[in-house]
């Protein structure tokens, strides 16, 4: 503990603690915003414990708060800006059991990477919980290397790039390679959206020719092959400069296999999957209001979704994020006749953990410890903020989600807290819910109510990532 | 805690605790033979802590005691019997930082699996630390299924079989398949030595024809292909009956890849590597006293050894064991002219952790947490004894190894404690050493001395293994 | 030409000759039972040509007669003996455009390999066309090596073995390995039926438990995994002794891929597929008279059948055979309640080429030259009888099938010539038919009639197979 | 035969004809520039044969003349122009047993694809033998599709593109994809040089940093990974538009495997290897005059070379070409200090067949028929000029190379006929030599002398390639 020695202020008692590797009955002693101790039930407690606030977690699961490594807060892309700020996004996050988000600072053409990152970092203070940040490079110039070195020194070590969206955020192979090199030398890591742009544009051309460029035909406008092709190239670029790379929102088993094969030959590749690709399928596009599921990559066929899910248990997927991007129906419905004009993205920071828990832990036999690993420990590790975040261990921030594993409830936009008027899971009945959520030792959500809405968010600087080590 | 509430009897203070996923500074509070709490440095301690025995672990690593999932104690094979009993083997184990061994109860032809297991289980009490047990089936008869069901009910859930050693322990495909089926239905798992016997015998025939059947030519007498062929078949057998399987002593990257591929298609295969295959190479056979390295599978070429080692970091290897089998030089030298007449096996329970730590953690960048996962947590998980063993968490048995990560020392048979007069690592300088070792809260080794030689060993019954789950 | 110089006795004129690599318009000049010349249309012809018998092949395809590398003639297995002799089988063959069959000489327990081979070889003279022979080893004894060497010297170089049918023809791994070694040293090659017996028996046990051991449930009684497991092992055995191996009736893409992977690492593996696995699917078992499709391996799901077919064009399948085994309905219906008691096998020597031609050349874009390669040239090459058989080139035996590629006809048992009363293709409409068939320069079939039923069959001895070369 | 019926003008008698699938003793009857007949030895010959010119090929191999699918004639790249015209290049070709070359028409920036192709096509008439032509696209504009359609209609169906050489010939992914689409619809095929430019530039940057950018360090300036990365992307582009693609000069087994894997999933990928990558290794760069082996891709390590060679026999390599590019020592030596300024390319049209024959047929057990397939039949097939070229069958052009398989000779620049003053094989002793070479029925080379230097070259238009078929 840094600072003066803390007192025991709170005890989470009687629950089953679940960490990434271990799970067992234990009491969690909290003080000064941190976890002070894990104590076996019945073991003697330190003096002062009798005066501490006690949360009875009997019959509950006590998890480290989730870390959502892929959240777009107030993101402007083309004519659209997503609707939430840090307050809104983190409010939804804590309701969903997530206590750390990682946002993106993505420049518009002409903006400097470092300026955008600094500006976005300021916003962290508006949050109800803490956050980290991915910077972003969209084109390379003489100052970029220096900007990246500076950002790494400041604890912003991950940098997003895109292989698609020509004319907007698309970076060419040289830019990606240069960025990887600089990051490698400064404890950073590239974070890449992989879709081969030439194939995407061809997919879309064909869709236009067939008059199938509307939301109902979203799936065909961005083929699985585009993802595969870009993953191959991006992994090769990383391999050529011996740099680590994090592949966002992998939506196909084949992409996961490509990354796994690269890992087996020594390339430090990390694979992110996104909750909606693990739960929802492309049948949505063939039903009513297909625009509500327009995201990028699109939802895939059911067989692909289920096959992707099997990788969670086997360990080939590193993290599960939300790719949260909060548009409302007005925005989604503005251009349903042409997906190229639509805002890609789904609100998800609040639903990520409940839908995963319900589908895979309760419904799919996924080990709870693996659930914590995928949704909290690993995202924290690859972002250099572990074990301060993502762990429920002595010294960690007391970011805790207490789950009722058996509560059955229904997801409805009207009762969720994201800054939008719909959810892609409207009407889904799920089992398992975070009922009490602590941020740095303070209860912010309890029994479905926001009990403390103080903006106490901090930017959590990332530690340098060891370029020679496997992060998970 | 079961029983009356325990007192704090001991505190391991000031060290860095390393568990399978997490590592950090923490004090370990011990009582009643168990870990009572992990406490952040500076956090208030429970009453009574001031009277507890304090072990100062400043600058040290505090690890859960190792679990060695592959130890032959007093094993009779052909004309040879390995030289140690439980006392000797566990004495060596604790000196090497290992506090749980898993032994084998392997029948001679005509003996019943269950009788041999019961007999061997009795010996556990002679140990200085706890142990679990693998039963073994060498041929199938009408009573075998019932014996296995009974053993599973008693907490002996893993069953060793061999695809080689014709006329001795070799089980045919039908026996292996039948055993897998029964185990699957009773929370058990097959543990298989994989070498295709027809290929092994052909390898040996060729060696005989070349007059190269002596110890100096050990490597060629058991080819890598024999391992691969048997792994393919055994994995297929497991797949055909949807049963889990644990593959012992995989010595080649190709075998690890085969298992990994099977896992990716859903077969619950676990891969064990053995310390000597990860450190030593077949150059030993071309030097002096080649018989000292005669083991099965044999040591492999350096490129194979190094390639195998890269899988440790990437997670495709589940456990690292010792395959401890304690013969002395007289036994090893009795038939150096014909490896078919020699006792296969190397003493290793004491050296497993130091050589791995030195080669891979200090010398190879292996994350310490992964080291604990490979050598303690995972072996405990696949044997159904986690988190009682293999974890350093509240409620776990207080089996703890305190390491000095920087101590440089030299391995010499004369100073080791195994019941033999040589070590395959004679003269190896290693860095890192377990200096203080606790068994269930009692210090048994300290500063290189045995400070408590009480035989307090217990057989630890395994919990049933969930046949539908991934154990690690 | 050996013997005195031949005269031109016959000219096949105006057709399009199709060989394994080349196709083009050419006249085929025949004399002395052999092809004397291929001549471009309009080129001057040798003297005597004006007196030769001319077959007008305008608009027709002129192919080398097919070579069927997998035909059981009068095969006794258990209580059943297939119903045809050489006369019947070869009569059907020539009607189907096949002019060379390769039969099996499979011992009963107690019979000597060489005796059975010699006895079966005698029967060749009863045929309307020529034949070669596979010997077979079902168990190894002190005389087997010598028998095999003798057979190779006599031109019987391929030796069938089975990994299944315990108690009947099943050979153990040692026998297979020993046989491979001896053959390798004498220009021979093992020919192996690959199904892992332990898995097959388990499949059948499960079927019995579910009361699904009848013909309607044939597919589940012999799983795809059994094929895969045995292929892995047999390929490993071949690899361990650096011997070539021919895998009969591969029914799954996964098995084809395993063999392809082995080839890529240098193992000389050849893959046979069977016509009925390439055309028919397991829906047959769910319809009427499922017993009519009981074969081994069983028919597979439609997706498997179609996927297997894609390998024809890509070259991973070496040959397509019939696995002809001629039982009649009385035999097929005798034990429909238990497939274990039924005779496995389908009549097919007559239908192999028409169904393949119709499905894959006319209906699937398969290049005609590849069709000839798969069904004539390659079977001849791997059996050491090329280019005497399987080619339509100067010096080859004038075994020729003239096809009308456009004739539409219907397969009906009543109009076929196999010694049975049904066909698995009853009612199939096919396009393409061999209308005129020559055996060594003599027209035996013309316009759907047998015009020469003389028994002129000869056993064609195989040339030694170069153990170091790729045969195709 | 078109036109009036031809007379027999020449007979190649007594040799062993070798075609892609078949080989045997046969006489070759020639008239009107074409093969009129293949006739078995001793068969009666047509009238007029007695007056024909007879070439005695007793003890010789009679092969279809080679087709070299990758020849740069008078190619300008940067400041360098290769030194030969059609006369010089084809003179060297025929001396080397090659009777058809396929040249490239590569635009400079600003030139139109079709204009350059038309201009280059005119040059064909200067050749001693026939030629075909690859067009090339380096950037896409509104007229490109129409140009390509027009070229396909004219029989120029293959179009070269480059993924590297930024600012010169490099085409971006969109251009490659668009070109593939248009070609697919008009019976054409893309022909792609695959090296990922970003990786190449990075390789070169590193070499510059190490002051190792000179010829002695050529190998490291263009890594194997660059080839792999580009192959992945180019194959994905082809797959995305269901178009065939031909990958030139694959230099690594891994690239061959990538293509093979794509073929197995249905992508029509064809793999070219180049003679010098199959024979020479990168040790050359470490010896004297490293500039003489500067080519692109560079020579690879010996293990890679040998591994690549094993694919010839197994069929995963489609063609073997020369990548002939004829610079002289003055050009090669002008900038040895910086490979980026050097002309890439080696003279090879004359040595391709002899070095391959010597190394792989005589020295490596490669089947002669496969040799013909790789060097004549397959190059002709993928270029739409088979069986007019690449076959020795009735109706084919009488382009014939008669080989003495046993002649031992030494390669020396002084005795070769390429328009340069060195050969990368100086001093190589090879076994096997084309001694007599016919172009369309005329002997042009005999006994090492040019006996007819008439410029009778024609451009051979390619037939449309069936986009749905496998070309080989």
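For reference, chains read A, B, C and D in written order, and residue numbers begin at 1 within each chain.
Keep this in mind: a residue touches a chain if its C-beta (ideal position, glycine included) is under 8 Å from a C-beta of that chain, and two chains touch if they have at least 3 such contacts.
Keep in mind it's a predicted model, so treat the numbers as computed, not measured.
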item	value
Centre distance in Å when chain A and chain C are each reduced to the mean of their C-alpha atoms	58
Computed distance of Cα centres, chain C from chain B, in Å	52
Intercentroid distance (Cα basis), chain D paired with chain C, Å	38
Overall pattern in which the protein chains touch one another (line/ring/star/complete/other)	ring
Touching chain combinations (by label order)	A-B, A-D, B-C, C-D
Residue ranges of chain D touching chain A (in the complex, touch as defined)	172-174, 176-177, 181, 196-199, 201-203, 223, 225-226, 228-229, 232-233, 236-237, 239-241
Of chain B, residues touching chain A in the complex	1, 5-8, 19-26, 29, 31, 34-48, 257, 260, 263-264, 266, 310-311, 313-316, 365, 367, 370, 373, 377, 387, 391, 393-396, 468-470
